[in-house]
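Some structures are shown below for you to check.
Look at the two complexes coming up: chain A is in both, with chain B in one and chain C in the other.
Moving on, here comes the complex of A and B:
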């Protein structure tokens, strides 16, 4: 496949790629630290994954195989558009199979299938600053990161417990990376947090509007914040998947009619399709 | 008039991408030896790997401290356009005499501004010599470096104590590289 000759390979100009690549290397060298970068205007609006797209464009090569998921699904508008964008501007092969991809760009999920060392996971991040809701001044949150002063976040989790009896944060659950930096895992469900810890694949995070890139190198400690008497618990709906029968994956609730009918299905469509095929083969 | 008879990448876009992926793999898996795409012919004073890294990462936005002779300077000026700077003020440093402690380590709030040192050594092998551990390494990673500057390990230990500030190092030998991000611990044996 070849790319549209009207664009430079992978859309961005070379000087922008160099700037993003330098930011990525420093982000990898300082796990969990948010590195500012000169985010460019992209041909789609903020909130549609402009940060993730810029990171993907800076690392992508002609032999890569790209998978894009939106909330675990390969066939939603955001995922389909981003795959079509990179097919056009970079001429790369795309796939919906997690196992076949060398780069996976994701919005708000980590695939159920364990990732390998030769894969890179690129997260689309809306709000990179985990302390932003508690302290709106960027000058102040930067100082808090510099001093590893994260007491405020513990107070927030404590107030959850005081009010609800448990930590009521179910997505974007804050993590400590390499025992040093507090990091937002992007709005993935807390169910996915344990997959980040010691993951064999490199994890890169891009926030376009907020102009930040950060990273978790492979085999790096990523711990969800908790308390000794209130340990972190990944939450999932207790149902089984209606389509593949899975009891250990993250489920979406789907309304089927207007009289209260509902089913639960896997949020990771590729994983669910694979399990259904295995089940059919066994029958 | 180019001022340099030595070429850059044959394909500036795709060769730079391949070189970046090699240095990204090196930085995310410290101590693993990676190969860079070949350069037609580097100028005297620069190893093929160091020259490829400069083409990939250096430009007018990155002050560069270069001590590799006039032909290398002319080559960098033409192909990268990086402004030259003293070791303490440079984003990229390619100077065999530079000590880690003399380079800019970034600040507590902006540790990403810490310099990157490109260090030419005689050889890099995945064999016992140094034992590396830290983020990016599952248990430990063996790396044998021939020709590291004297006192490098002591300087490295001091560099690591400044975390999260510090200098990141890319070791270059021929067309091979291995990276030492500031987070990695190095022991002998």
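Moving on, here comes the complex of A and C:
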């Protein structure tokens, strides 16, 4: 497949890609640290994945196989459009199968299937600063990162328990990377947090509007913050998937009619389809 | 006259100078504070009291001079080391409790912040400590989960004190802790501070323009005017037998009830 000759390979010009790669290298060298970069204007609005797209464009090669998911799903507008975009401007092969992809760009989920060393996971990040809600001064949050002064984050968890009896943060749950930097895992469900720990795949995070790139190198410790007597618990709906019968994956609640009918299905569509195929083959 | 000094000073400042344009905020100030000692800095508005406190606690850099805490150079130490001091061995009580508290965080969370900043990770223990400290500053522990915005001014100030003392600091800086409170609340707060200071053996450097408060709390006092310490000595000596004309004026201006 060849790419649209009206664009440079993967849309961005070569010097921009080099600039982004430099930021990525620095981010990999300092796990969890937010590295500023010169985010470009992209042909889609902020909040739709401008950061993730730029990271993907910078690391994409002609032989890569790209998968894009939005909330775990391969067939939502955002995922379909970004796949089509890279097919056009880079001519790369795309897939919906997690196992076949070499680069997976994601919005708000980590695939259920365990990732491998030869894969890269690229997150779209709306808000990279985990301390922002608690400390509005950006200069002060940077100082807190520099000094590893993270007591404030525990104050937030303390407030959660005092108010709700348990830690009520169910997505964008703060993590400590490599025992040093506090990091926002982008708004993935807390259920996915344990998958980040010691993951064999490289994890890259791009925030386009906030102009920040950060990374978790392969096999790096990623710990969710908690209290000794209120340990971190990954939360999922207690139901089973209506389609594949899975009891241990993250589920979406789907309304089926306007009289209160609802079903629970896997949010990772590829994983669900695969399981259904296995079930059918067994029958 | 002076008590024999058995211990090395906790905090020492030598020849501090600081100018705001042509105005001298500090002009050759020397100061020493020993463990367990309460020192008051008095003087009128604009005499450099608060500036001195900010310089001593490392919040502001002077033009010249040196500050040392237990042999460490406060002005020369890195920000990380200074912050560590600030959340462990030092405390700062602001005049306005809104500057020292997190208004959107519950009373318990406010007290727990310093504990969590120094590594406490057991929710139950943090709550127990918070409840203990609320009782100590005479706030009903049942109100632990309320935000300070719903507390009265006096309660907010007491909460700020609890939040500061929870890590048992050695040295506490207080900037007009009774400012802005009505007289009866002031009296209660002074009583409370006096009891806590004696109980915990704290060294306190307190800035105030309230001579009565200084007499009640302080062992020693420094009188400042135009950035210069014009007189210093034991509180009773300074107040009963003021030597400097400015001190005489200050003492004679106190209204007798």
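FYI, the second predicted complex is superposed on the first by the 283 of 283 C-alpha atoms of A that agree within 3 Å, B and C clash if a C-alpha of one lies under 4 Å from a C-alpha of the other, contacts with A are read in each partner's own complex, and residues count from 1 in each chain.
Keep in mind that, in the parts below, a contact is a pair of C-beta atoms (placed from the backbone, for glycine too) under 8 Å apart; a residue touches a chain by one contact, two chains touch by 3 or more.
No experiment lies behind these values; they were computed from the predicted model shown.
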Partner chain in contact with A:259 - chain B first, chain C second, else both or neither: neither
First (chain B), second (chain C), both or neither touched by A:161: second
Chain B versus chain C as contact partner of A:22, first or second or both or neither: first
Which superposed partner A:230 touches (first chain B, second chain C, both, neither): second
Which superposed partner A:151 touches (first chain B, second chain C, both, neither): second
When both partners are placed on the shared chain, which of chain B and chain C touches more of chain A: B
Which superposed partner A:143 touches (first chain B, second chain C, both, neither): both
Contact residues of chain A, present in both the chain B and the chain C interface: 143, 146-147
Touch list for chain A against partner chain C, complex: 143, 146-147, 149-152, 154-155, 158-159, 161-163, 226-230
Of chain A, residues touching chain B in the complex: 8-10, 14-15, 17-19, 21-31, 33, 35-36, 58-62, 117, 142-143, 145-147, 178, 180-181, 198, 202, 215, 217-221
Footprint of chain A on chain C - complex, ascending: 79-80, 83, 87, 102, 105-106, 108-109, 112-114, 116-118, 121-124, 126-127, 144-145
Chain B to chain A touching residues, read off their complex: 12-14, 16-18, 20-21, 23-24, 27-29, 56-59, 61-62, 91, 107-109, 111-112, 114, 116, 135-138, 163-164, 168, 181-183
